[in-house]
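Note that subunit A is present in both complexes that follow, paired respectively with subunit B and with subunit C.
Up next, the complex of A and B:
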C-alpha cells in the first residue's frame, strides 16, 4: 500500500513540477491525459476483464459536455469538468446493458456505441447544439496553466482510484469476478453491481479527462475527441505496462508515449511500424505486460 | 427440528432441456442430508438450481421459511446458503484473499477473527496464507474451498462431490473436517457418489433420471436391497 501511494505521489509530483524544467507543456499535458486514460482502462480491464475499444466515447462525451456547458450555459471551466464527468457517467449508465456481453462481442458493441455517439455529435442537423462537424472553439475559456493544473489533479484522482481498487474489498471482489464470475457470485458477490461500479468509475475518469482536454486545447473537432486512436493508445499503454497494477500503465504510458513523441510526429511511418511490432510482441510474449517481468523476478509491482 | 431448506416439486433444466422433475426434499437444522445418484442423475443440476445457477421452472425453494427460488445466487448466499463446488476457489488470489472473499459484508476485525478460526480448523492453510491459491495441492485447494464457504457462517453448507479428484487419504481428511463442522451443528447437503460419506449423513435421497427414487434415513438406505444393488453394486454395507 505504502509503495503504491509513494508511486502515485511521485508521479503526480513529477508532472506538477515538470513545467518548471521542461518547456513543452502540451507534451506533458498529453502524457498526463494518456496516463489518466490508461488508468481508466486499467480500472475496467485490469479489474473486470472488459476491454473497451470504444472507451473514447466517454472521452468525447466529456469533452463535448464540458465545452458546451461553458459555451451554452456559461458555466466556469471547473464546473464544466464536473459536467463532463457526469455526462460520461450518464452515457455509461445507458450502456450498462453492454456488460451482459463478453469478449469480442463487448469490444465490438462498445466500439459501435462510441461511433454512434460520434455520428450524433458531428451530425450537421445538430449544428445549433453541437456545432456539428465544424467543431468547438472554446477560446473564451482558454487558460493553459489552470487546465494543466486540473489535469494534474485528475491524474491524482485516477491513481488514487487504482490504489483504492488494489487495496479495497471492492477491488478484491472485482478481481474475483474477473477470475471466475460464477464462483464470485456463489461467494456472495453482487457481480452486476460491482462490475457496473467499475464501468462507471472508468467512464467518469474518461469524461473528466475529455473535459480537461477540451479546456486545454480549446479548439477541437468531433474526429479529434472521438478518434479510435485515443482508445487504442490508452489500451496499448495500459497493457504494455501491465494491467491491474498501478505502476504498469504509468510505465507503459511513459515509455510508449515517449517513443511516440520522439519519432511518432517526425517519422510517423517508423513509429507505426514500431508500434505495430510492440503490439504483436506484447500479445505473443508478454501478455501480462512489463509488470509480469518484474513479478517473475520476485519484485512486487505496486 | 426447524427446517433450514425445503424444496417442493422442483422442475429445472437448461433451456428447453428439462433435467429435474417433481423433486422434493428438506434439510433440518443441524442435519446432514446426502444426495446419491449415478452420473447424469441430476445431482449437480439440483444443487445448481438450489443456489440459483440453473433456473427453476416450477416448484418452490424455501430457506428458513423464505422463498428464494427467484433470488440471484449472491442473494441466496447472503441469506445463509454456503456452496462449495468442485473447484470453488480463485487460483490467482492468495489463500487469505480467498477467505476474505468468502466473508463479504463483515468488518475487517470480523474477517480476521473468522480467518483465524478457519486456520485453526484447516491448519495446513495457515502457513500458506500469503501464497497464491493456484499453487496449493488438490487437497489443500479442497480445504480452502471449504474454509471459504464457511467464512460467511452459512445456515446450510451445500457441497457438490467433495470427494472428486481426491486420493483416499484426502477423502478421509475431508470427511474428518466435515464431521468436525457437522459436530458443531452445521446443517449440510452433500451430493456424492462415494459411499464413505454416508457416515456423515442422517438422511438420504437417491436420484435417478432427474427424479427422487428413494428417500429415507441412512439406516433405511443401507437396508434397501434394491438401492444397494442399483447404485452401490453391493450386497451388504
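Up next, the complex of A and C:
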C-alpha cells in the first residue's frame, strides 16, 4: 500500500513540477491525459477483463459536455469538468447493457457506441446544441496553467482510484469476476453491481479527462475528441506497462508516449516501423506487459 | 528497497525520454538565420493534401535561400531561412505537442500550421498563448478566427463559409436552373458551405428540392444518387472532401444516371488526383471552383506569376504543382512580404505588417485580403466547368460573368 501511494505521489509530483524544467507543457499535458485514460482502461480491463475499444466515446462526451456547459450555461471551467464527468457517467449508465456481452463482442459493441456518439454530436441538425461538425471554440475560458493544474489533480484522482481498487474488497471482487464470473457469483459477489461500478468509474475518469482536454486545447472538432487513436493509445499504454497494477500504465505511458514523441520528432521516417516493432515485440514476448517482466524477476509491482 | 529503486529507475528513464526531446540552444538576439517551423502529415487522412502544401512551402524556402535569403526590413538585410518541420501523422493529439515543441524548444521565429482546419485548430490557442503569429495556409473553419485573437492569419484560401458566394449567385442568375439538389459531407469544411448556399438561395426563385448531409467517410453514393434523381433537380451540388468527390463522381459514372449540371469541389483543387480516379471523361461538363493552376493569376505585384511558378516548379522538382502546392508556396510569399514590411521582428509587429498590405497584395493565388480576425476574404472562388478538349478536358470560367472565359454548356450532353 505504502509503495503504491509513494509511486502515485511521485508521479503526480513529477508532472506538477515538470513545467518548471521543461517548457513544452502541451507534451506534458498530453502524457498526463494518456496516463489518466490508461488508468481508466486499467480500472475496467485490468480489474474486470472488459476491453473497451470505444473508450474514447466517454472522453468525447466529457469534452463536449464540459465545453458546452461553459458556452451555453456559463459555468466556470472547474464546474464544467464536473459536468463532463457526470455526462460521461450518464452515457455509461445508458450503455450498461453492453456489459452483458464479453470479449470481442463487448469491444466491438463499445466501439460502435462511441461511433454513434460521434455521429450524434457532429450531426448538423444538432447545430443549435452541439454546433454540429463546426467545432468548438472555447477561447473565452482558455487558461493553460489552470487546465494543466486540473489535469494534475485528475491524475491524482485516477491513481488514487487504482490504489483503492488494488487494496479494497471491491477491487478483490472485481478481480475475482475477471478470473471466473460464475465462481465469483457462487462466492457471494454481486457481479452485476460490482462490474457496473467499475464501468462507471472508468467512464467518470474519461469524462473528466475529456473536459480537461477541452479546456486546455480550447479549439477542437468532433473528430479530434472522438478519434479512435485516443482509445488505441490508452489501451496500448496500459497493456504495455501491465494491467491491474498502478505502476504498469504509468511506466507504459511514459515509455511508449516518450518513445512515440521522441521518434516522431527525431526519426519520423522510421516512426511507424520502430513503433510497430515495439508493439509486435510486446505482444509476442510480453503479453502481460512490463510488469510481468518485473514480477518474473521477483520484484512486486505496486 | 531494490524493488523501489527498479521502479524509480523506470520512471526516470521514461521521464528522460520525454525530456530528451531536445531543448535547442538558440540566440534570439543574433538572427543569422530565421527559423520557420511547421508541421505536415506524412501519413493518415490528411497526408495527400498536407504533403503537397508542405512541398510548396519548402520550395519557397529553397528559392529564397538560393537567392541569399529573404529581405527583413527590421534588420535592413537579407536573412536565410531554416525550415523545421515535424510529422504529425494527421493526428491532432500528436500535432498539439509538436506545435508547442516548435515554439518552446526550437524557438522558431515564424510558425506555420499544417493543412486544413482540423490540424490547424490545435495550433490556434497554442500560438495565442505564446503570442506567436500563426500563418495558416488552408485552415478555413470559422471556429479558428475571432476578433480578439490577433495571432492568426489565413493565407491561401477564403474561410469556407464564403466559398459558395459565386456559386450561389450563379445558380440564382442562371435562368435554366430552378431546382437544386444539395448533397454534402457533414464536417466543418463542407457543412459550412452547405449552410451558406442554403442561406443565399433562400427567398430566390431557386428551390432546394433535396438537401442531405452524409458522413464524411461515405464511400458509396449509389442509393443517394437515385434519391437525388427522384427529386428531379436541374443542378446537383455535391460538397465533400476529395474522397467524397471521387466516390460521388465514380458512383455517378457507374450508375448511368445523367444530371443536367453537377458541381463538386475538388476537381478544381486536386485535378490530377481526380483525373486519375475519375478519368477525364468522368470530369467532362462537371462544374467546380477553379483554383490555381486551373485559374491563372499572372498579373501579380509580388512573387512570380502562376505560369512562371509552374514552369520553375516542374523544372526543379520534376513534377507538376497542384493547388495545395500553390497554397503552400503562397503562404511563403505572405511570410516574405510580412518580413519585408514589418519594422520590428516581434509577433504583433508582424501582424500589423499583414494589415498594411492586406487588400493590396496580388500573388499567384489572387488577392490577399484579411479581415480583423485574420480570416481571408480576398480570394473569391469563381465557378468553372470542365469541357472536353482533344483527348482530355479544359477548364473554362463561367461565373462571375465579368471573369467568364466561356458560356456554360447546359444541360450536360
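Criterion: the second predicted complex is superposed on the first by the 297 of 302 C-alpha atoms of A that agree within 3 Å, B and C clash if a C-alpha of one lies under 4 Å from a C-alpha of the other, contacts with A are read in each partner's own complex, and residues count from 1 in each chain.
Note that contacts are C-beta pairs under 8 Å (C-beta built on N, C-alpha and C of every residue); 3 or more make two chains touch, one makes a residue touch a chain.
As the structure is a prediction and not an experimental result, all values here were calculated from the model.
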item: Fit or clash - subunit C, subunit B, common subunit A; value: fit
item: Touched partner set for A:26, first subunit B, second subunit C, both or neither; value: second
item: Vertex subunit A; arms to subunit B and subunit C (CA centroids, nearest 10 degrees); value: 150
item: Subunit A: partner with more touched residues, subunit B or subunit C; value: C
item: First, second, both or neither for A:186, with subunit B first and subunit C second; value: first
item: Which superposed partner A:10 touches (first subunit B, second subunit C, both, neither); value: second
item: Contacts of A:239 with subunit B and subunit C, given as first, second, both or neither; value: neither
item: Which of subunit B and subunit C A:173 touches, first, second, both or neither; value: first
item: Partner chain(s) touched by A:218 [first = subunit B, second = subunit C, both, neither]; value: second
item: Subunit B versus subunit C - smallest C-alpha distance in the overlay, whole Å; value: 18
item: Touching both subunit C and subunit B, counted on subunit A across the two superposed complexes; value: none
item: Residues of subunit B that touch subunit A when the two form their complex; value: 51, 53, 72-74, 77-78, 83, 85, 87-93, 97, 100-102, 104-105, 148, 152
item: In the complex with subunit C, residue positions of subunit A that touch it; value: 3, 6-7, 10-11, 14, 18, 21-31, 33, 119, 122-125, 131-137, 139, 142, 144, 217-221, 223-224, 227, 229-230, 233, 247, 250-251, 254-255, 257-262, 264-266, 268-269, 271-272, 290, 294, 299-302
item: Residue numbers on subunit A that touch subunit B, as the complex places them; value: 169, 172-173, 175-176, 179-180, 182-191
item: Touching residues (chain side subunit C, partner subunit A) in the complex; value: 2-4, 6-8, 10-11, 13-23, 42-43, 86-87, 89, 91-94, 96-101, 104-105, 117-118, 121-122, 124-126, 128-129, 141-144, 146, 148-149, 186-188, 191-192, 194-195, 213, 215
